[in-house]
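Only one structure is covered here, and it is reproduced in the block below.
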Amino acid sequence: MPVVIVEMWEGRTPEQKEALIKGITRAFEEIGVKPEWLNIIIHDVPKSNWGMRGEQASRLAP
Amino acid sequence: MPVVIVEMWEGRTPEQKEALIKGITRAFEEIGVKPEWLNIIIHDVPKSNWGMRGEQASRLAP
Amino acid sequence: MPVVIVEMWEGRTPEQKEALIKGITRAFEEIGVKPEWLNIIIHDVPKSNWGMRGEQASRLAP
Amino acid sequence: MPVVIVEMWEGRTPEQKEALIKGITRAFEEIGVKPEWLNIIIHDVPKSNWGMRGEQASRLAP
Amino acid sequence: MPVVIVEMWEGRTPEQKEALIKGITRAFEEIGVKPEWLNIIIHDVPKSNWGMRGEQASRLAP
Amino acid sequence: MPVVIVEMWEGRTPEQKEALIKGITRAFEEIGVKPEWLNIIIHDVPKSNWGMRGEQASRLAP
């Protein structure tokens, strides 16, 4: 029944999200967790809402 | 002072959100937590950002 | 498929946790979410790890 | 490598978010955490998705 | 700079956690995220703190 | 009513946690949030539960 929450910058394509979901699901299968037990939730975060090195990421990686 | 974070598919009506907030508040009152101590936060998650059974939920429940 | 994460002070009894799980489940049922779709996760947080009014809760409510 | 997740009402200005990121970074520096080790993530939450005192915050503080 | 938070039942071995970290890292690499940009955080949750089907998981899967 | 969740390695002293709570509270005060509106929650994460650079942090920084 694991739950995975992913925080990442917005802007990923639907294909990248699908690949990520499949890849994370595979990672859990390798330790015995069935795909139907898993929920994966992706939060798209605007770069202006992400702080790193004391700055908004929107300034560091516009 | 409990904090409740709800992750669910976007698309709920304001009435459903209000009912949910009232219901969760009641659940805490039953164990002695006053409504003014409680914060409930709802994250609306697009189905394309939700993975289940190794797929995007947008494909399974369009 | 909603996921609920509860952050609260450690020290609740098993009976209180059970009551809380049942109450939250009921709150979701009222808006059409079946119990088998729901995951509820409780994080027990020591009061020394909880800040409120600029202090550790362990000082305010020892 | 700490990660900080902030849940707050939407509506803050970019200047407030920048000030908040700088202030939180400073708080970690004071306990020996370098800015480049820190990720800060801000979730803007609509008031209608925030429950307090058993109500949607959008009703209490429109 | 994605952050991944995993909520799962306590009881996994160190080897399973290591395999999971490697597998999730690989899933991100496949979409262009370098391992050094990624933080993965695992929360071990006691079954008595996990609600599913309206019950504590400790009752359903003791 | 912001909520702040901090994920960091376990091992911080009570003094460091107190300093962190005070510093984060100050950061919010600077943008107009009163200390009594703020909840700060610290999750102590064992290094063996933290993945970075594709490894458990317990191996990289024992």
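Labels for the chains are A, B, C, D, E and F, by order of writing; each one numbers its residues from 1.
As a convention for this text, contacts are C-beta pairs under 8 Å (C-beta built on N, C-alpha and C of every residue); 3 or more make two chains touch, one makes a residue touch a chain.
Since this is a predicted model, take the numbers as computed values, not measurements.
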Next on the checklist: Considering only chains that satisfy the touch condition with chain B, which of them also satisfy it with chain C?
Outcome noted: A, F
Checklist outcome for this item: The pair out of D-E and D-F sharing more C-beta contacts is D-F
Checklist entry - Measuring between mean CA coordinates, which chain is farthest from chain D? => result E
Checklist outcome for this item: Separation of the C-alpha centres, chain A versus chain F, in whole Å, is 21
Checklist entry - Which whole number of Å gives the spacing of the CA centres of chain A and chain E? => result 13
Item to check | Touching two or more other chains - residues of chain A | outcome: 1, 3-5, 7, 20, 22, 24, 26, 39, 41, 43, 50, 52
Item to check | Each pair of chains that touches, named by its two labels | outcome: A-B, A-C, A-D, A-E, B-C, B-D, B-F, C-E, C-F, D-E, D-F, E-F
Next on the checklist: Taking the touch rule as given, give the residues of chain C at its contact with chain F in the complex, in rising order.
Outcome noted: 7, 43, 45, 48-56
Item to check | Touching residues on chain B, where the partner in the complex is chain D | outcome: 4-5, 14, 17-18, 20-22, 24-26, 35-36, 38-44
Next on the checklist: For the complex, give me every residue of chain C touching chain B.
Outcome noted: 1-9, 12, 16, 19-20, 22-24, 26-28, 30-33, 50, 52, 57
Checklist entry - Once bound in the complex, which stretches of chain D touch chain E? => result 1, 3, 39, 41
